[in-house]
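In the two assemblies presented below, chain A is common to both, partnered first by chain B and then by chain C.
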Partner chain A sequence: MSSINGSDIKKVVVACDAGMGSSVLLTSQMSKSLSPHGVAVEHASVDRIPDDADLVLCHSGLVSRARSAQPGTVVIGFQMFLGDPAFARVEQAVREGETIAD
Partner chain B sequence: MPTDLRIGPEAVWLGRTARDKAEAVDLCGRLLLRLDAVQAAYLPTMHERERSVPTYIGEGVAIPHGTDAARALVKRTALAFVQFPDGVDWDGHRAVVAIGIAAHGDEHTGVLAALARVLSDPAKAERLRQAEDAATVVELLSPVGTEPAS
Partner chain C sequence: MARPQSPSGSAADTSAQSPPPNRLQSARAAVQRFGGYLSGMVMPNIGAFIAWGLITALFIPDGWFPNETLAQLVDPMIGTLLPLLIGYTGGRLVYEQRGAVVGAVATIGVVVGSDVPMFLGAMIIGPLAAYLTKLLDKVARPRIHAGFEMLYNNFSAGILGGAMAVVGLFGIGPVVQTITEVLGSGVQALIDLQLLPLVSFIVEPAKVLFLNNAINHGVFAPLGAARVSETGQAIEFLIETNPGPGLGVLLACMLFGPKVSRSTAPGAIVIHFLGGIHEIYFPYILAQPKLIVAAIAGGITGVTTFMLLGAGTVSTPSPGSIIALMAVTPRGGHLSVLAGVAAATIVSFIVASLLLGFGRPERNKEKAQRSNAEAQQ
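After this line comes the complex of A and B, so read on.
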């Protein structure tokens, strides 16, 4: 299990299989809520997650691939592309400076 | 960020029918082919991707696309909007709209941002699902977060 304090999150990476569909859509959504807090949001293929990612968001089916690609980085899985509670959890951790763990 | 792609009327097919998800994905792929956005070998990778993580995103909309490895088969970034008024079973969800994606860059970010905004507004989402002309789709999916056109 990995954890990070929301105030230490500077880069969130939304990962999906190809990095051309859902992760692009989610990146635009997350960026709207996180960029006011100084957090950069990028998207990537799950096999090409950048090393400086502080937190990774990906579909629950890809969590184990993301963890093995970036061991030690917090990986939060979600089920639904729109309105999954995972997105609110990440937003809250960043906004309130709370610890978030995977 | 390069977000200059827009959906034009040539990328909108309304009132189509598909017996199942595979047929719906194929129609999206055929429209991408017609737009000269992909090579034919891209289509099987769209099905491959559906088998790993399905692309239904909610509000009656799915966004089928190929795999990361299939990027080489993309000639240009494009989106293909196909509407199925009778609905298609998408792994237990009812999809009325499928938007095929072929991308090698981030040029389509603005359109997907517009899509996310439309789907978070139930009235707009309904307009998109029920669109009776391409102009409605083009208008609803005008890219957001982009520089004004010069």
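After this line comes the complex of A and C, so read on.
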């Protein structure tokens, strides 16, 4: 269980199995809403999440792999690729500077 | 940086902690990770597969523009270039650039003297050679005299890579060739017995558990490549990549699913069918696991249709978009591929619609909610 304050988030990494398909799709969506707040959004394979990631987003089926790749980093899981409340939660945390925990 | 929470552990902390993953979940994660490793060697090189697939489709004798000179590109690309890229990438996954170089050198050992495209061999020897380099460095590097680092680095990689190429040529290559041929004839036997559609019972559920890349790139790509080099096209490439089963499920969710599904499914259909990102439909099945029956039924229908019509593609369509499928279909095979996709879509849609009760349960639920809300007002 980790948590981070939205204002400390500088880099969000969206992870999927290969880091080339669904994560890229979500990266372009998330960066639209997060880049105005100075947050970089990148995509990666869930086994090779970069060390400087402040927050990781991945499908709930992959969360345990993400946690073992980057223990101590906040990993937020989502169910749906479109319109999942997890995306709104991350956006709100960044926008309002709220604490977000996994 | 994320700060780990203080270890003082108040009651609230412990109650919020997620339960420890059970054995099934950790087994699933382990299989996913292994599969991720396999697909991690193949997927970064898909561009090269597509280049090879297009050249093959265009310039081979029964291609669109037969050209003897350009067709010379076909064999070296699949026999040498693609396995080397896989071995290189596999080495890099284990031990960065240094592992990549040793992995590629070792891979040439299994490539030379093999009659089948050595994808499996490259997936084994590339990472293995890189791992041995890593071990050697761990032992030897602390003992290297100052000033001799570069000499050690270059020659250890060269000697180890060269030795692994010899091991590959005499040891691993023949073994893997036999394995590839046995697996290939196993698939052929399934086709001969008309049992190939049964693989959908494994493939479709495994896909939804995010093993899609592992299955397609780890299993079907090597088998398909071996068949393509013999017969010019392979049905293996179509089994996992057929967008039909997922499309049928999404269409059913768009018309008859819960309210959330109905609003997001149209976007998901575009991303799935045209963009080829199959992951997008997995959550719809995970949310309502009974829908997996529809995907399996669609998969069986698709594979049966492909099998009966003799459909196949020259390379793995990646991503599994209808556009990619059409691009790697050999000349004259488009109708049979389209027929398999369409049949899979229709069957999956019908089964999924039945499972969703044509939306009746959802309509009743929403009606009940509405009348509840009105009653409370």
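By definition in this document, the second predicted complex is superposed on the first by the 102 of 102 C-alpha atoms of A that agree within 3 Å, B and C clash if a C-alpha of one lies under 4 Å from a C-alpha of the other, contacts with A are read in each partner's own complex, and residues count from 1 in each chain.
The definition used in the following text is that contacts are C-beta pairs under 8 Å (C-beta built on N, C-alpha and C of every residue); 3 or more make two chains touch, one makes a residue touch a chain.
Because the structure is a prediction, the values reported are computed rather than measured.
K.L.:
Clash or fit: what happens to chain B and chain C when chain A is overlaid?
P.N.:
These partners clash in the superposed model.
K.L.:
Classify the contacts of A:79 with the two partner chains as first (chain B alone), second (chain C alone), both, or neither.
P.N.:
The answer is second: A:79 touches chain C but not chain B.
K.L.:
Taking the superposition on A as described, I'd like to know which of chain B and chain C A:36 touches: first, second, both or neither.
P.N.:
neither
K.L.:
In the superposed arrangement, which partner chain does A:27 touch: chain B (first), chain C (second), both, or neither?
P.N.:
first
K.L.:
More residues of chain A are touched by which chain, chain B or chain C?
P.N.:
Per-residue touch count on chain A favours C.
K.L.:
Which partner does A:54 reach: the first (chain B), the second (chain C), both, or neither?
P.N.:
Only chain C is touched by A:54; chain B is not.
K.L.:
Would you check which partner chain A:45 touches, where first means chain B only, second means chain C only, and both and neither mean what they say?
P.N.:
both
K.L.:
With the two structures laid over each other on chain A, which partner does A:1 touch: chain B (first), chain C (second), both, or neither?
P.N.:
Second partner only, chain C.
K.L.:
Could you look at A:97 and tell me whether it touches chain B, chain C, both or neither (first, second, both, neither)?
P.N.:
Touch partners of A:97: none, neither chain B nor chain C.
K.L.:
Quick one: is A:17 in contact with chain B, with chain C, with both, or with neither? Answer first, second, both or neither.
P.N.:
Both: A:17 reaches chain B and chain C.
K.L.:
Where along chain C is the clash with chain B: 115-123, 133-141 or 259-267?
P.N.:
Stretch flagged for C-alpha clashes with chain B: 259-267.
K.L.:
Across the two complexes, find the residues of chain A that touch chain B and also touch chain C.
P.N.:
Common interface on chain A, chain B vs chain C: 16-18, 20-22, 25, 45, 47, 59, 61-62, 80-83.
K.L.:
Write out the stretch or stretches of chain C touching chain A in their complex.
P.N.:
Within the complex, chain C contacts chain A at residues 1-5, 13, 16-18, 21, 25-26, 29, 32-33, 35-37, 39-40, 43-44, 209-210, 212-214, 260, 263-264, 267-268, 271, 275-277, 279-280, 282-284, 286-287, 319.
K.L.:
Which chain A residues qualify as touching chain C in the complex?
P.N.:
Touching chain C: residues 1-4, 8, 16-18, 20-22, 25, 45-47, 54-55, 59, 61-62, 64-65, 68, 72-74, 79-83, 101 of chain A.
K.L.:
Report the residues of chain B in contact with chain A in the complex, numbered from low to high.
P.N.:
49, 52-53, 55-59, 63-68, 70-71, 101-104, 106, 108-109, 112-113, 115-116, 119-120, 145
K.L.:
Can you check the complex and tell me which residues of chain A touch chain B?
P.N.:
Within the complex, chain A touches chain B at residues 16-22, 24-29, 45, 47-48, 59, 61-62, 80-83.
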